[in-house]
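Some structures are shown below for you to check.
Next come two complexes built around chain A: one with chain B, the other with chain C.
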Partner chain A sequence: MKSVQLTPITDWQAWILTGPDSTSAFAGIEIPTEVMTAVFSDGNLIAKTGRDEFLAFIKDTAAQPQSSWCFRRHDRILHIQGHAWTELMLCLCQFDFHQMQPGEWQMLAVAGINCWLWKDPHPDQGILIGFDPGYAEYLEHIFHDVINEIELRSVNLGGAL
Partner chain B sequence: MNYRLEPQPYEWISRDKTIRFTFEGREFQAFEGDSISSGLLANGQLILGRSFKYHRPRGALTLANHDANALFQTEAEPNVRGDVVALEPSMKLTACNVNGTVAKDKDAKIEYVARFLPVGFYYKTFHKPKKFFPFWEKMIRSKAGLGHVNTQWDAQRQSKSYAFCDLLVIGAGLSGMQSALAAADAQLNVVLVDENPFIGGSLDYQLAHEPRVKALRESLKESVSTHPNIRLYTSTLAVGWYTDHYLPLLTPHGMIKLRSRAVIHATGVMEQPAVFRNNDLPGVMMASGIQRLISRYAVKPGQNALVLTSNVEGYRAALDMFEAGIAVVAVVDMESIAQRGEWAERVLAKGIRVLEKHGIYEAIGRQTLQRAIVAPLSGESCDLSKKEIFDCDLIAMSVGWVPAAQLIYQAGGKLSYDDTLQQFVPEFLPKGIFVCGRLNGAFTVDQRIADAKAVAQEAVAFLKGQKESRDLTQYRDTTAHSHPWPIIEHPKGKNFIDFDEDLQLKDLKNAILEGFDNIELLKRFSTVGMGPSQGKHSNMNAIRVLARSQGLGINATGSTTARPFFHPVPISALAGRRFRPERRSPLHAWHEAHQAKFMEAGVWLRPEYYGASSARLDCIQEEVEAVRSRLGIIDVSTLGKIEVMGPDAARLLDLAYTMKMSTLKQGMTRYALMVDDSGVIIDDGIVGRLASDQFYVTATTSHADATYKILSKYVQFCGLNVRLVNRTGSLAAINLAGSESRKVLAPLTSISLSESNFPYLGMREGLLCGYPVRLIRVGFVGELGYEIHLPHNAALEVWQRLMVAGQAVGIKPFGVEAQRILRLEKGHIIIGQDTDGLTHPYEVGMSWAVPLNSKAWFTGKPSLARLKSSCQRQLVGFKLAQGAPKNLVKECHLVIDNNEMVGRVTSVAYSPTQQCVIGLVMLDQPYADTSNPIHIRVDDGRLIRGERCSLPFYDPEGIRQTSAVEEVLV
Partner chain C sequence: MKLLDCPVIGKRPISEFDYMGEIRIPPVDADEKTWSEYVFNRKGAPCSLREAWYHRPTGRWYVVVRNTVTDEIEAHVDISEVQYELPA
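What follows is the complex of A and B.
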């Protein structure tokens, strides 16, 4: 069993919605009210990224949002799990992942790439990370490199780990 | 002789794992866990290196990461610190800074001319006569420096990572462990670091045989190793302090950048040498260095030892040596034995002779220590009338300590000299910085534990926002552990203050006499403290010498500070993991499968051409030919793609681009040129209008993100009601170019491609192969063409269907190189290639894109209004004669006129259409305005003549891209 597992998430359709109509575009889907927060419900993840801007990840099988300024995105999304996921992320990003709360949404640079991150509210479920599909090869290669390095490293960190 | 001792209780070596290595070609054997120095000393190799200036033999001194004269050269690395770097199997070692071997160094003869090389000689000599300086320079360079860098090195990178904690405790000795534990018990998230591979610090070498601390040692080690609130990093150095407690931690695996809310420094003290003649001979060591050798590596560094001391630590060291089977011939106490208490009694009980109020006048030995002259101290000099000579091969110096306070200085802390302890101790500490232990003057075990608990309490209170105040002096010792003047004068000198730089007592005195009588000036002139150990052994004695010469106290004399990093850090650790983002289009795999050769375009990887590397030029020419004669297809997914929407969208684009976009008709596009406030060209693309309040903007590959940021900035600054969406990564783009493009595309799309419905520069939305697309009729390459903007996930299928559909007309994929030639034939510039950081539109013949009169305002307009009449350069087209070699002229070659540089080539290529080499040159005025032929200096120095010609080179009327080609061809 690897200390970190990467699982691609492919059953969501990703959208960016902006403009005054954006809020009403989510028929029956719960949306966050605060900027830079996210809501996960019925298998859909909606993040509010601006005054009237949302990133939406909607199940393939659900009704997709409709509005005048609603555009498809094709983010590469990975589920990062395993006991060493924070160690992996701390090699690639200067955010303090130990402080990240369940359900928290962040937009950070990871290995030099702009990404969004969402911490699964369920215990030990790790995080979701999404990024431009053009960087998929690069970022996944880096992730695997660092995971291998972490596994080869035999650092005794005392009782804290 | 075997120098290895019986197993020691806390030794670091694994006796069941033998390591073989070579030193200067001779084979040695040691144990896993041995350092290079301990491995050599265990084999009786006492000379470990040669000194920097005089090439005097030198040995081990501290075994504490400060042994600047025991630096080794491996096959891969220079200046490997032998006192702490672990031996590895098959290591091939030589000493640094040695001409020959450590036993026979040819450069040792430099010592015979030492009187011609006084302190600072290099500032004064070798300058006259001037003509000889190159000779001296060469010689000095060959003698200077330490190890040799292997220029065939392999790039090594260690990863960097980030960490966070409430409290960082530096030093896992008694004080560090106790304070970390107390803080962790108070629920702080603690990181504890220690430079050694094992925790315990001086408990395990200075108090290794002390039964009273046995239980305490075990308890502390167990507790800090298992406490859930403590992260423990061994073999880790905190090498610098930066604002807000940001500290780089150097680990064997790379650097950790740690952000802590507070820091406890339990870094301890560094032992200082006594200064007497020949105090640098191999065999003269710090007492703590000998204890480290015995306890950590079970190595006996000598047979007959003399201890020079002025504190109880010297007596403890004498007992440890006695326990290890070393004959202690005498303890030479510079002061009275009455101050030493039970430790002196224990030494006397072993039958060891103690000479109080004595000093070592001189150490004697040819290559290594053989004897020492000891005499009573009369004032501060020796009374030689009562001298005694002791045969010994080991001198243990235990005359004082300095705090390891480098990080405290960096944090803005202040230390002052304590006359009771005869040691610097912290006086002022910035917020969040705390100290404890011997660094703070707490020397006994009880003092150290009490001090550690108190500092933890103080740190906890600070982190809880409570008022904290602690008397730093509360647990300090009341007896001195350092001698105020451990320096014995000798008429023949060679009493070294700085072992790194071979500085003697007289060198410092001479420097002071020359006027360098400030500690910072003295340091820079004499280089005291500027060697590899960075003054860890020399600064204190240098301050004492300066203070005495000036008649000042130590505090008034001051001390130097250590900048970060205060300890050497490998470049590989600084380099970190390489983050070089690489972006791929959704068609990358198809390109790869079809022999594409990739090139970098910004962060993107793009096909340069398709085919074998050996036939590069032919492949590119064929691709150009296909576009000109039939049909070509290119992946342009790398273009920036931005949606601009809202009531103020047109105003935004009017502001950001030179040309007026608010007059653009729906369904049409316009060339978009972006300049900065100074009028310099920074980007271009097209703007298309989809609705009255919606535009679609493209940007160049390398400027896409910057263009998005610039537009966003204008939205914010001007308070515009506009929404921007950067869709560069979500959309792919394909350009179908060539006379057959309409014929191939038409059956696959729902959009009518007729000239009347879809004219040149038009933009239409519809379906292609069932996918929603935007088609833009633009012609960067100068042919009838359609840019297809489509969803990322549709790109591969659409590309493949276009390839199938175009098969009948001979469709061919083309890469960036062919595209560059095609656009050059059309005279289209590439921003960043044909322009530089100063180029404005008038210089590249784009005055048509600068509507100074018809547009009220756009970014850069005031600058361009001034630049219009003061154009200093001009982009000009040129051709070489037919038959001229294709690759002779290259981009950036210079244009020469009357031996003056008057321009440079910005673009050049062989044009299959023109059957000759064509290009663009940026020429200076007034030369640009002449009709003179241009002369280009090529690689071999020849001047190649080119003829100026008007642009574009191909289809100057633009008929092929603007009209229905079928009509043109008819």
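What follows is the complex of A and C.
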């Protein structure tokens, strides 16, 4: 089994909501109250990214948000998991992922690409990362290269130890 | 790598930010001499300066007070404190 697995998430519809009525756009879906935090419930992920701005990732089968300024997004979303996911991310980003708490939401640059990241609260579930799909080929190529390097390193060290 | 210690989102690489300069309120009702001063001149002396920084990954503006001598961020300023009305 590979040390890090990348799994595309394709069963969410992504939205950006802004404006004074954004809070009331989510029918029956729990939403975060603090800026730069996220809530995951009933399979939907909602992040509050500004005073009245949300990023929402809603299951295909659920009711989608409705408001005056509610726009579709088409993020490429990957689930990164495996025992070396932290090592992978540390190779590509300045942020200290050892300090990242379960359920924490971050927006930062990974390999120079603007991304959002959410750490799954369940142990060993890794993180979700979302970014502009125009950069998907570039970023996934880099992910695979770094994963291969990490695995080669671990094989070489194994014999020496 | 240079880091900017943002009081809101923590230490981030300076490459994630765009520097948008000193916060300056335009002298909307002023005469031409005052406008000329506003448009063409900057003080530039070492001080604690209110500056706007745009963080690209979050898409948010941060107004901070930065000591231009030590390069330390001294405070975060709420955006509502630097808003101003444009003439109709």
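Couple of notes before you dig in:
FYI, the second predicted complex is superposed on the first by the 153 of 161 C-alpha atoms of A that agree within 3 Å, B and C clash if a C-alpha of one lies under 4 Å from a C-alpha of the other, contacts with A are read in each partner's own complex, and residues count from 1 in each chain.
Throughout what follows, a residue touches a chain if its C-beta (ideal position, glycine included) is under 8 Å from a C-beta of that chain, and two chains touch if they have at least 3 such contacts.
Because the structure is predicted, anything quoted here is derived from the model rather than measured.
Contact with neither chain B nor chain C is seen for A:104 once the two complexes are overlaid on the shared chain. In the superposition on chain A, A:21 makes contact with neither chain B nor chain C.
Look at A:94: by the touch rule set out above, it reaches both chain B and chain C.
Within the superposed three-chain model, A:120 lies out of touch with both chain B and chain C [touch as defined at top].
Counting the residues of chain A that each partner touches, chain B and chain C differ, and the larger count belongs to B.
When the two complexes are overlaid on their common chain A, residue A:36 makes contact with chain C while staying clear of chain B. Contacts of A:146 after superposition on the shared chain: chain B is touched, whereas chain C is not. When the two complexes are superposed on chain A, the residues of chain A that touch both chain B and chain C are 94-95, 112. Considering their complex, residues 16, 18-19, 53, 69, 71-74, 87, 90-91, 93-96, 98-99, 111-113, 132-138, 142, 145-146, 149, 153, 155-161 of chain A touch chain B. Per the touch definition, chain B reaches chain A in the complex via residues 159-164, 189, 192, 224-234, 251, 253, 257, 259, 577, 579-586, 588, 604, 643, 645-646, 694, 723, 725, 727-730, 791-793. For chain A in complex with chain C, the residues that touch the partner chain are 36, 49-50, 94-95, 107-109, 112, 114-116.
By the touch criterion given at the top, residues 1, 3, 8-9, 12-13, 15-16, 55-60 of chain C touch chain A in their complex.
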